[in-house]
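Here subunit A shows up in two complexes: once beside subunit B, once beside subunit C.
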Partner chain A sequence: MSEALRMFGAIAGAWVRAGFTYRTSFVVLTSTGMILTFLDFAIILIMFSHLDALGGFTLTQIAVLYGLSGFAIGVADLLLGNAEMLGQRVRDGTLDQMLVRPVPALVQVAADRFALRRVGRVLQSGAVLGWGLSAAPIDWTPLRVLVLASALVCGSLIFASLFVLGGAFQVFAGDASEVANAFTYGGNTLTQYPLAIYPVEVVRAVTFIVPLAFVNWYPALYVLGVDDPFDLPAAFQVASPVVAALFVAVAALTWRTALRHYRSTGS
Partner chain B sequence: MPMIDVHDLRRTFLIRERRGVLRRTRREVQAVDGITFSVEPGEAVGYIGPNGAGKSTTIKMLTGILVPTSGHLRVADLDPSRRRTELARRIGVVFGQRTGLWWDLPLRDSFELLRRIYRVPTPTYERNLSAYVGLLEIGDLLGQPVRQLSLGQRMRADIVAALLHDPEILYLDEPTIGLDIASKQRLRTFLRELNADRGTTILLTTHDLVDIEQVCRRVMVIDHGRLAFDGDFAALHAAGQATRTVVVDFHDEVPPIDVPGSRVVRVDGVRQWLTVPAGTPTGPVIAALASSHEIADLSIREPTIEDVLPHLYARP
Partner chain C sequence: MSASLYAGLASRGFRRYATYRSATLAGIFTNTVFGVIISYTYIALWVERPQLGGYGIAQALTFAWVAQALIMPVGLFGGGIVADYSERVRSGAVATDLQRPAPLLAVRLAEDLGRAAYALLTRGIAPMLVGALLFPLAWPSSVSTWLLFALSITLAVVIGFALRYLLGLLAFWIIDTSGPASVLVVLQIFASGSALPLVTFPGVLRRICELLPFRCLVQVPCDVLLREDTGTGSLPLIGLQLLWATTLLGLGAVLTRAAVRTVVVQGG
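Entry: the complex of A and B
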């Protein structure tokens, strides 16, 4: 594990250094990225100039939901967003090259073309989250702090697993990055809002099938002290670590299976 | 203990094809269809065959990229697909049509990154880098991003990259594709010396028989996923009924010449083509020609892959 991290650092470091050789473009890309993601939250701000609550949630509470989800996908995207390019890698043969190097392929997939500018989303979401947490009425207890902290880690792991699953799917199928994107970025957009506004089928799907509700919804209910509008078991609100561990295991197994069924290309 | 040990190795690909709007058919391609061979440490083996014969598929199984459908496979006593990352330290791979370098990084950074990935000790790295960069003459290119290199420059850089960690085995899949004659020659000399001096085991696929003649002592021919031949060069020429061709221009038109040990295969005005089995000297034939007729010009054409291989493929 530490070896994998060391290798990630070595490869990502080379890309960061190469990226810094075009310093202005780095600054421009990072700041435009941050502005774009901020606009994303501005839509919610504008909405709240006409309403007081959405699905029973106030603006500051939604900021917590938004911040948790954005932070999680931001970290996952920073570390594993490149898995999205796997279809391309299969076709241009760079996956073959990765497979003959003495570093786990996933580490190389993650670190290759590592783009530090993706940190913009993490910073922006972190800021929104910080504001939401300080402005929303929260009765802080040690357990609430723990649930919040674990939500940041587990949410990132859940999104990271989704990226890996999407990548594994592309290794099987040769392509179809759009399908993978629908789950990751689509899932992020979906969870920016309180699940209370969606039909119960959606809530079931993101609880039992693709466990996105454990990224921010359940931990936020617990931290904010809000009752679950769908009356699902209260244990779900502290279950993110278990769910994340399971989902990581599923993703890891799927990835290994995908590599064992990899067919490369004919040329 | 052999370096590469392969027994009844197979790999099939399932191909799904669309026929019309709704009809789909499934077809199996036997890319590698039961091959058996072994390679001892320090051997240099040429692996040849027509397009689609299964050469690249074999190399991808030997490196662990593809999992075999069935059969026994050991490289350096490891099962490649299961111990892929472990094996990776001990092998070097060059795919001619693709680069193992990073397109956007300067060549020097690519090499440096490989040093860290393979954890090459600094003295080894520096010794190898300066030796190979010098031998393959890419010293002036180290500051350039790989995407700016020409095909031949990139190929040489790729070969340096594959050797920085002192691999025991070097796989080369069409390393001379697209190279000019001088670059090919330089590369062949380099590979021959690498094999002789360092004892690096080499497995080389190519469509240029000269590559094999100059680098390898042993040839394996694959066709339709099966080994059609495995042996040295003389045996290949014998098995493939290879012939050298003597092209003679006489001063005057003469009837087809009858010289023992040769056969006239074509006549065009004053020019005649005589074939001589490869492995038998052409000297006596030429002497006989010169003693009986006046010769204006003469040349000898060596057998090529195109001449030799069809005979092997045609056999059951």
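Entry: the complex of A and C
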């Protein structure tokens, strides 16, 4: 594991240095990246210029939901976002090169074209989260702090697993990389809002099939002390670590299966 | 000769994208998922504030799905010509483009119209049909509104092209255009109204967005479609699009001449 991390660091570091070659571009891209991800929150702010509550949630409570989701996908995107370019490597056969090198393929896929500018989303979401947590009325207890901290880690793991699953899918359907976007970026957009605004079928789907609700919704209900509008078991609100562990296992297994079934283009 | 030349270029642009069928299906799926998510956020907003911005809930939902349909045809997320272009300038391949016996801008416009037509027929229409099945949408009944809408979409595509073309020209002066490209994407997504209709924006912000060309990409076509009073009421909107289209294309033509004068192609 530590060996894999060291190799990740070596490859990612090379890409970071390469990225600094065009320094102005790096600064512009990082800042516009932050603005771009902030736009989603700007939309929520504009909505709240007409509203006091959306789906029963106040602006500061939604800031917590938004911040948790954005932070989680931000970390996952920084570390594994390039898995979405795997289809390109399958098409032109360059995945073969990765498979013969003495470095785990997933490490190479993650570190290839590592883009430090993606840290922008983590910082921007973290700032909104910090504001939401300080402004929303929260009755802090040690357990709430623990649930919040575990949400940051588990949410990142759930989104990271989605990126890996998306990568595995592209081994079979190289052209269809965009399907993964519906789950990763679509999941991010979906969870920026309180699930209370969606029909119960959507909530069941993101609880039992693609566990996006465990990224921020259930932990946030616990931290904010809000009753679950769908009356699902209260245990869900502290279950993110279990769900994340299961989902990581599913993603790891799928990734291995996909690589075993990889058929090179031969070029 | 030129009409058939440009028709040929447009049809190549169409077929270039039509080759990737599974990519198209994937795109339709993704646009549909986003359409559904955004629809529920609009429902939550309009249930609290009926008639916000002059839209009823059905109009707001129609706006959401038309905006999804226009993302790819007008190129809200960039890509296409922009991604191609700085690479072509950097690699020197631009020299071949400049030797062709047709103006660069017209060639690129024809190709992009073909691309946009394919995007509209697939990723534009298919998600909208799903949206119409799932949500109550407001469609106009008069033929003239639909004709004006078609004209307005075409102009939106031309304006979207012109914006990306101008960005592509930047590659002649600065090597890495990815920074400006991301600024353009931010402006296009936000100031076009694609994320939330401009009619819901607060005072100053709305006035600023209405001065910019970006609203011609999404908000204006939607207004043309959603107007109750058919016919002449939409003509000023079409006029505004025409004005921006000619201004931006004119600017593109002038800057192309300037760019060609600066270009130094290294051999190889």
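By our rule, the second predicted complex is superposed on the first by the 266 of 267 C-alpha atoms of A that agree within 3 Å, B and C clash if a C-alpha of one lies under 4 Å from a C-alpha of the other, contacts with A are read in each partner's own complex, and residues count from 1 in each chain.
Just so we're on the same page, a contact is a pair of C-beta atoms (placed from the backbone, for glycine too) under 8 Å apart; a residue touches a chain by one contact, two chains touch by 3 or more.
In this text the structure is predicted, and so the values were computed from the model without any measurement.
Novice: Mind checking subunit B and subunit C on superposed subunit A, clash or fit?
Specialist: Aligned on subunit A, subunit B and subunit C fit with no clash.
Novice: So, A:262: does it touch subunit B (first), subunit C (second), both, or neither?
Specialist: first
Novice: So, does A:189 touch the first partner subunit B, the second partner subunit C, both, or neither?
Specialist: So A:189 only meets subunit C here.
Novice: For the overlaid structures, how many degrees, to the nearest 10, lie between subunit B and subunit C at the C-alpha centre of subunit A?
Specialist: 80
Novice: Is A:47 touching anything from subunit B or subunit C once the two structures are fitted on A? First, second, both or neither.
Specialist: Second partner only, subunit C.
Novice: May I ask you to decide whether A:230 touches subunit B, subunit C, both, or neither, giving the answer as first, second, both or neither?
Specialist: A:230 sits against neither subunit B nor subunit C.
Novice: Please tell me which partner, subunit B or subunit C, touches more residues of subunit A.
Specialist: More residues of subunit A are touched by C.
Novice: A:172 contacts which: subunit B (first), subunit C (second), both, neither?
Specialist: After superposition on chain A, A:172 lies in contact with neither partner.
Novice: In the overlaid three-chain picture, which partner chain does A:131 touch, first (subunit B) or second (subunit C), both, or neither?
Specialist: After superposition on chain A, A:131 lies in contact with neither partner.
Novice: After superposing the two complexes on chain A, what is the shortest C-alpha distance between subunit B and subunit C, in Å?
Specialist: Shortest inter-chain C-alpha distance (subunit B to subunit C): 9 Å.
Novice: Looking at the complex, which residues from subunit C come into contact with subunit A?
Specialist: Result: residues 20-23, 25-27, 29-30, 33-34, 37-38, 40-41, 43-45, 48-49, 52, 175-176, 178-180, 182-183, 185-186, 189-190, 195-196, 200-202, 205 of subunit C touch subunit A.
Novice: For subunit A, which residues are in contact with subunit C within the complex?
Specialist: Touching subunit C from subunit A are residues 22, 24-25, 28-29, 32-33, 35-36, 39-40, 42-43, 46-47, 49-51, 53-55, 173, 175-179, 181-182, 186, 189-190, 193, 197-199, 202.
Novice: Please name which positions on subunit A make contact with subunit B in the complex.
Specialist: Against subunit B, the touching part of subunit A is residues 7, 10-11, 14-15, 17-18, 92-94, 96-97, 99-104, 112, 260-264, 266-267.
Novice: For a test of understanding, state which residues of subunit B touch subunit A in their complex under the given definition.
Specialist: 13, 52, 56, 60, 63-67, 81, 84-86, 88-89, 91, 93, 95, 97-100, 102, 104-106, 109, 112-113, 116-118
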